[in-house]
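Supplied in structure tokens, the structure appears directly below.
To keep things simple, chains are lettered A, B and C as they appear, and every chain counts its residues starting from 1.
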Amino acid sequence: MATLDALLHGFSIALTLHNLGWALLGVTLGTAVGVLPGIGPALTVSLLLPVTFGLEPTSAFIMFAGIYYGGMYGGSTASILLNTPGESASIITALEGNLMARGGRAGPALATAAIGSFVAGTLATVLLTFLAPLVANLGLRFGPADYFALMVLSFTTVSAVLGRSLAWGLASLLFGMALGLVGIDVQTGQERFTLGLPALLDGIDVIVVVIGLFAVGETLYVASCPGDPESVVPMRGSRWMSRRDWARSWKPWLRGTALGFPFGAMPAGGGEIPTFLSYAIEKRLAAKPDEFGKGAIEGVAGPEAANNAAAAGVLVPLLTLGLPTSATAAVMLAAFQQYGLQPGPLLFENSGDLVWGLIASLYIGNVMLLALNLPLVGLWVRLLSIPRPYLYGGILTFATLGTYTLNNSVADLVTLYLVGVVGFLMRRFDIPVAPAVIGLILGPMAEQQMRRALSISEGHFSIFVTEPIAATLLAVAALVLVAPPVWRRLHSGQVARAKSRQTP
Amino acid sequence: MLLKFAKRHVALLLALTGIGAASVAGAAEGEPLQRLKIMAPAAPGGGWDTTARQMQAALTQARIVRTVQVNNVPGAGGTIGLATLANNLKGDGNQLMVNGLVMVGAILTNKSAVTLSQVTPIARLTGEYEVVVVPAQSPIRSMQELAARLKSNPGGVSIAGGSAGGTDHILAGLVVRAAGADPAKTNYIAYSGGGEALAAIMGNHVTAGISGYGELIGPIKAGRLRALAISSDKRMPGIDIPTLKESGIDVGLANWRSVVAPPGLSTAQRQALLDAVDRMVKSPEWQATLAKNDWVDLYLPGAAFSTYLRAEESRVTDILKSIGLAK
Amino acid sequence: MGNRFLRGEVLIAAGIVALGVAMAVATLAIPASGGYERIGPAAYPWAIALSLVIIGAILVREAARGTAPAISAGPGSDRTALRPFGFVSLGLILHLLLIERAGFVIASATLFFCTARALGARHWIVTAAIAVALSIAVYFAFSSGLNLDLPAGPWLGGW
């Protein structure tokens, strides 16, 4: 009950007019930057750090938290409407979300994303409030071998986004993994595939690849395949979710939250992997799995909930252990230190007002974001009525702006164009794009964690079987790969038998 | 102050609504250091970025320079920023770049074409000492015990820290050598982000860890990590951690941070930068910043810094070669 | 239409094989020594290069025989219009050449103009006006509002 008292005290701090104002500014700004490709919350918070020098720390953090959550809400909008996700955690949303928009169901897609974000954000904040220390300690149990096993399990989700053929999907995955190898090897400092170019030493930024494959690839495709005039469809039917949409959305929201929060709270988890897993699970559990790939609302609701729950999860190790596990969290840690605060267990004791004010403001921020984003659905949908030449001109303006500001580097713009051409070819020949991004994100993590594990075990592969978490996860991965074909065969056998019984 | 914030808010709101032609402050050209750009050759949030932004705050609040802009040129341990400074900003007297020990190592491991001899050293500013820690559950109680293990079986002692060739790795190599083992046998587990390395140590997945004092002090105070030794030459006031030297490991290492300027500056330009930095270091604002961030004041300007820089370069080259990271 | 498509698919599949071979060649330059981990920095690159060659070879065979599952590209999109593709490409290339020389506003306006033209904008004076107005608005919103360091170019020198 001490937690509840502290939380109520936090609300008394966050609910002052002054702090509500900062929260509103934060969520508005966050939504705005979230919509734009490549300009994420990390950049915004770090740019605003100096602005808040004279501000009371509690107010500053309430605003930062608003930007952070707002960025997660805004991220889905461009993905759904324009198939141009601005960050890697919303590429999965783009898959089904954009198909829904093309089918004239942009309204329900945006609504399920916004409400799902609210549900997940709020539930995850509740978990953060009451379970933070417990979850943080569980997260620490994961060592390199366990993470490697987790990556292997995550790779199995690729099967959900393969598209028309296994071989083309794998080619796309391998292409992403190959891109992920470029740069300095973390373990040994050796250059790999840098072609002698200093700009490639740090590797190819995931954001550049995402913007290139999606925003640039999409624009090139829309421009040069004029036989497809229906790529931007005005909305048909209701702007809001129907009873059926609600019925199909609420379970994915909850499952997405259950996946996203623990992944976010893991020191090497992140926001992308739970979206992959959520999509794979929803596809498998859906009543009509064949709707996936044609605009299934479950495929928007689940991953969107997952990435918002992960955003709250990231705050768990940050606040309880002082571990920053995402770019935004690293910037927020720097902000804490700027105020002379050291996140960690002592933060709750020494700066209770700030922590509980911040946590309370997360609840408030979520409500504000829902109130802000639901009416905005109508406005965002109207974006689609902008004449296409100007719409895509604007998309590329922001895509290049976001890419350039990542590192202030022209080299990134060259990469963006080249990756964009690849994205165009993949669209042209109907090769799935999502596996490439999955490979780019998971590949380097899997490699580094495997090599760390082997270095710790002094070269003994047995570490993957003797560590209980790793062994369990590898067993689950094997089951995921082997069970469905077996089960399908059994199941289709039953169906066939049932049918043969019906037809005399 | 208030006025400034009000102005910022207006600018922010304008930015949001997109109407935004906020007033553009015109800086008078010619007068040196009406304006200054500080490049942080790293992504936002890291040590160099924080140093640059704290300099920005101190310089403007103490009214030494009117407008200070920070820009990030991240990449390859700062060597991308270094190349930009040396090649594209030649002769620009309104430009500084933050750098430090990590860049010395990165130049070697990345085989960078541009080296620190191609820029104008201004001053060493601050530093941070490194701490050797073990998980709270570890049976190792002292630096001597760790050294004994290193000597008998260096492979069995996995040491987590930052990226390969960085300060943590350099210290790991120096410690292994001083403990009497071959530095090439260091079982170093590299992590790219500070948080991940810390999690691996706290989770008891490695034998030991090395990182900066600022990053470790929280978990040490909270009892999650046990500090074995600090890399300073003498005991630090207020820090109850024995030095490596006290523990029989004859190694001292500071993760120093400094500022450098582009090449090709006139004497007057260089002097103007030295003066601005000197006034900043002596300002109460900067002193408060040092205290707040637990940074050690290692101010060393001009020629003395150039000499120090060369000495560090040769020491780092030597140990990275022994580890096998540089040729 | 099918033939053109198939030829393209064979070319892409062959490209995948070529990528794998190129990777294998570049992997030779990576030292294989692994220290305690034993597998070293070259192990993953070898595995991926090899997989690319195998998958690419399978795809070449499937595509050449025409046994690959039918392509579900959009209706009537069997022909790629090269002119709009070239226009968008021109815009992106001019943008990256201009951004640090002529500044953000000119680079972005050029990109917007080329893209809009590629997508069929007719009134080119209106398009140019929108391009310049949007670029200027974005420049000020981000450089003044968010303190972002965008290249000003010779025209907007002071900040």
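A few remarks follow.
Here, a contact is a pair of C-beta atoms (placed from the backbone, for glycine too) under 8 Å apart; a residue touches a chain by one contact, two chains touch by 3 or more.
Here the structure is a predicted model, which means the values were calculated and not measured.
When chain centres are defined as mean Cα coordinates, B lies farthest from chain A. Of the two chain pairs examined here, B-C and A-C, it is A-C that is joined by more C-beta pairs in contact. Per-chain CA centroids place chain A at a distance of 31 Å from chain B. Per-chain Cα centroids separate chain B from chain C by 36 Å. Mean C-alpha position of chain A lies 22 Å from that of chain C. Those residues of chain B in touch with two or more other chains are numbered 12, 16, 71, 155, 187. Multi-chain contact residues, meaning those touching two or more other chains, occur in chain A at positions 47, 50-51, 185, 187-188, 408, 452, 455, 458. Residue positions 35-36, 138, 142, 146-147, 149 of chain C each touch two or more of the other chains. Residues of chain C touching chain B in their complex: 35-36, 136-138, 140-142, 144-147, 149, 156, 158-159. Across the interface of their complex, chain C is touched by residues 11-12, 14-16, 18-27, 37, 67, 69, 71, 155, 187 of chain B. Across the complex, chain B is touched by residues 25, 28-29, 32, 42-43, 46-47, 49-51, 53-55, 139-144, 184-189, 191, 198-199, 201-202, 267-268, 317, 321-325, 327, 329-331, 333-334, 337-340, 342-346, 407-409, 452, 455-456, 458 of chain A. Against chain A, the residues of chain B that register as touching in their complex are 1, 5, 8-9, 12, 16, 43-46, 49-50, 53-54, 56-57, 61, 71-76, 79-80, 83, 109-113, 155-156, 158, 163-165, 187, 189-196, 198-200, 202-203, 205-206, 214, 217-219, 221-222, 224, 292-293, 325.
By the touch criterion stated above, chain C contacts chain A in their complex at residues 5, 8-9, 12-13, 16, 19, 23, 26, 30-31, 34-41, 44-45, 48-49, 51-52, 55-56, 58-59, 62, 68-82, 84-85, 87-89, 91-93, 95-96, 99-100, 104, 107-108, 111-113, 115-121, 127, 130-131, 134-135, 138, 142, 146-150.
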